[in-house]
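Pasting the structures in now, so scroll down.
The following pair of complexes shares a single chain, subunit A, combined with subunit B in the former and subunit C in the latter.
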Partner chain A sequence: MSEYAIEAAGLRRTYRSRTGWLRPQRREVEAVRGVDLTVGNGELFGLLGPNGAGKTTTIKLLNTLLIPTAGTARICGHDVVTETREVRRRIGYVFGGDRGLYERLSARDNLRYFAELYGVPGREQKRRIAELLELVRLDGRENERVEGYSRGMRQRLHIARGLLHRPKVLFLDEPSIGVDPVAARELRQTVADLAATGTTVLLTTHYMAEADELCDRIAVIASGTIQALGTPAELRRHADGRQVLEVEAYGVTDAQLATIHTLPGVREASVTVAGAAQVLTVQSDAGVDVQADVLRALDGVRLGRVSARQPTLEDAYVAIVNRVAAPSRPLEAVTA
Partner chain B sequence: MTALFRLIGTGGVIAYRALFNWTTPAMFIGSLLVGPIFQLLFFAYLGRQLGVADDRFYIVGNAVLAASLSCVFGGTMAVANERRFGTLGHVLLSPRSRTAVFLGRVLPYAGNGLLIAVSTLTVGSLLLGLRMPPDALPALLATLAVASLSCGFFGLTLGALGLRFRDVWVVSNVSVALLLLLTGVNVPAAGLPGWMRAVGQALPITHAAAAARQLVAGKGFAAAAPALAAEVAVGFGYALLAATLLKLFEAESRRRASLDTM
Partner chain C sequence: MKLLRMIGVGALLHTKQLSRSPFEIATALIVPVVQATLAVYLFRAGGEPGRLLEAAVGAGLMGVWSSVLFGSGGAIQNQRWQGTLEMIMLAPRPPALMILPITLATAVTGTYAMLATLLWGRLLYGVPLDFAHPLLFLLAVPGCVLGLGMFGLLLAATFVLMRNANALTNTLEYPIWLVSGMLVPLTVLPGWTGPIAAALPTTWGARAVHEAASGGPVWPSLGICLAISLGCLITGALMMTYVERRARAAATLALA
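The block that comes next holds the complex of A and B.
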């Protein structure tokens, strides 16, 4: 048995595409630009990053759906390019979203079909499917067509499908995307249970609380490279020496945000939308009180609650991602 | 070996239920059972009007042609609908033999094709008064089965293109029109230019239609055998081509990320 469940060294992937017929343009996108990581057997490993950072491409390189442009990757000691079949026997792949299931079939028939595809012996199929339906809490609804399922139910069925052949390594690509909080909590519990049984899990997610709660170690990827790697506690230290000011506001403009960025002591500033309101989050040096300056910069904007707090993993994540000099989009080259 | 048969048999049937668009009774009866009968009548009456050929020519030709509709579109759906449901990646992650996975999917479509061909032949014969020698029926059934399988493999070849191109339905639509024109089912091959006849020789159902006509004319299995053998060869050729294209395009999809970008 290999020491590591997942090993990647210098993993790179460039997408090449061509558009136009008369004057074709060739476009190259470096989605992954040298990823090195190792994940131990039974570890629950998080891969975080903004949209377009290279998370899904990295997973597709590791699960054999894509071939690396350069570098190597091994799953349980098997090379993802030359030992494809051995790798596929050992992995499960779950991704978020509504698609990826046969809508006209019931959950049971979806699982029956993939049990055939993934080589689950016939005599075991019935018992294994029943076990998984119970694990993901779909027993009792297993004979209904998937087209009538909620997103949470679909997600749980995705997980059941990924576990059919008892994979040693499970790739979970944003499994809780668009799922309501109750269903997301159930999903987290399912993932935690899996890890407890010794399955190695590589999880990508946008939800820091999810990563913080579940992951043994986390890698932050941006612009196709790993920017930081460590336990959640270690990553939180990237925001050491900072404090966070949160302001509920209505109508913060880009110009005002740019002004706040330039205030003395301000390290990061971002706006997220929460319902009708915006939440302005300002990270600053711990010894500098920026509240008065920030509120002055928001002159004319209707304000709600203002609060100060200690940095979280999410703040550390923002600090790491914003530290990357290049924009978070993958590097592109266009030639005529 | 049992696992392989399960993958081909059980897997093929589940995939058929999952991916074939015309499984509802209304769609199946309307599109696959009733539609071909009206097409048969159209060509039979047109043939009578123009004096091109007799009813037997059109009844047998259109019965064989009827098998092709579900097989060509079914074969295409067997791959292209995977894209629609977003399941293609999960299928390609299977460690099982691609040839078994996809060729197994052809069998239910071929069964469909056989059912439709038999139905069209029966109803067409009853409506237009065609009498068939009873001792020719087993061989005729075998010929229709071979035609259906051959069409199924042809459809899967088109479906394989779905691993590379998103708009594979265009190819299927054109192919159905080509089968109508070039296989001699409705237009006597002698009336076609040489190059069209040559293309028709490489298409499914051309030889099956010729064999079926020999059988219905009472000329016996020996007379039909060469054409039937040619149909088997064509079907086998498409099976090989489909397996090769599926392997080729899957490898290309990993190298060029064509499942995502095309």
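The block that comes next holds the complex of A and C.
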């Protein structure tokens, strides 16, 4: 048995497309630009990154859905390009969202079909399906058509489907996207239980709390390369020497945000929308009190609660992602 | 045995999924009536009212072909839209085995088109259902359907690669049923269509069904249909393995 469940070395993937007939335009998008990582057997590994960072492409390279443009990847010691079927026997793949299921079939029929495809022995199928329906708490609803299911129920069915053949490695691509908080908590519990039984899990997510709570190690990916890798505690250190100021505001303009960026001691500043309000988050050097300057820059804006706090994993993540040099240049148009 | 069960369960569940589609149901209700009407009026206008059964059977065959063609092309595209194409391709099996149940399911739903066309022909236009070989007809239709299902696999192989597979299906529907002599006898077509017709399993399947309905040696036509279809199945299976790899390289398994 291989020492690592997942190994990737110099993994690259370029998407090429062509549009137009008379004057065709060829486009190349370099989605993954040399990913190196190893995940140990039974490890719960997180892959974090903003939209378009290359998370899903990396997963699809590892689970054989895409062929790498360069580099190699192995799952349980088997090469993803030359030993595809051996890899597929050992992996499960679950992605977030509404798609990927047969809507007009029941959960039981969906599972039965995939059990056949994944070679679950006939005599074991019934027991395994019942076991999984219970695990994902869909027992009692298994004969209803999937089209009537809530997003959380679909997501749980996805997980059951991914586990049918008892995979050694499970790829979870943003499984909690669009799922309500209660369902997301249940999902996290299911993932934690799986890891506890020895299944290697590679999880991509946007939710820092989820990664912090679940993952043994986390890699932050941006612009197709891994920017940081370590335990949640290690990653948090990327925000060491910083403090965070949060201001609830109503009507912060881009110009004001730009001004805040230039204040002495300010390292990062961003605005997120929370309901009717905005939340301005300012990361600054720990020794510099920027609160007065920030509030002055927000002159004329209606303000709510103002608070200072220690950096979280999310702040570290923002610091890592923002540190990525110059904006990525994924598009290179070439006239044929 | 395990393989047969997988194909059987897959075809059954895909038939279930297809037969519950409102679009499929509406199409299944309307198209046979339209096709039966067209065929009957065509033959009446041609002064051959005695060949109404042949007309209805021909119209039914058109329905089977449409179902296989749009089923294979549409099914692959539907799998892509549903996000299930990647999931079935991820199974540790030869890719052809993932697609064959889908094309068989479309052929099964096509059988319904044949039955419905005959039924509407009988109810609306009084087409006499006097089959020359009733038992052979019951054998020829599933044989033809099975053959077309295998042919569908070859078509599906190309559809896996193309994100806009629908465009190809539209251009193939009419030429194939015309060249295969489903409704119009091959003798009235230009000579150069002959070799094309001879190479298509649809031609021999249609001939077998027509012979079972109107008289003639059913077995040779059915045998040739199944032999060519088997060839399509083998070619389709080999192509599917190649195409699956190409699709993984070109990233066309998913919509985006």
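As a convention for this text, the second predicted complex is superposed on the first by the 327 of 336 C-alpha atoms of A that agree within 3 Å, B and C clash if a C-alpha of one lies under 4 Å from a C-alpha of the other, contacts with A are read in each partner's own complex, and residues count from 1 in each chain.
Everything that follows uses one rule, which is that a contact is a pair of C-beta atoms (placed from the backbone, for glycine too) under 8 Å apart; a residue touches a chain by one contact, two chains touch by 3 or more.
This is a predicted model, so every value here is computed, not measured.
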Subunit A as common anchor, with subunit B and subunit C clashing or fitting: clash
Which superposed partner A:112 touches (first subunit B, second subunit C, both, neither): both
Touched partner set for A:168, first subunit B, second subunit C, both or neither: neither
Partner chain in contact with A:89 - subunit B first, subunit C second, else both or neither: both
Subunit A residues contacted in one complex by subunit B, in the other by subunit C: 15-16, 63-67, 85, 88-89, 91, 93, 97, 99-105, 109, 112-114, 116-119, 122, 161
In the complex, subunit A residues that touch subunit C: 15-16, 63-67, 85-86, 88-89, 91, 93, 95, 97, 99-105, 109, 112-114, 116-119, 122, 145, 161
Subunit B to subunit A touching residues, read off their complex: 2-3, 6-7, 10-11, 14-15, 17-19, 23, 85-87, 89-96, 101, 253-257, 259, 261
Of all residues in subunit C, those that touch subunit A in their complex: 2, 5-6, 9-10, 13, 16-17, 20-21, 81-84, 86-93, 98, 245, 248-251, 253-254
Interface residues, subunit A side, partner subunit B - complex: 15-17, 63-67, 85, 88-89, 91, 93, 97, 99-105, 109-110, 112-114, 116-119, 121-122, 161
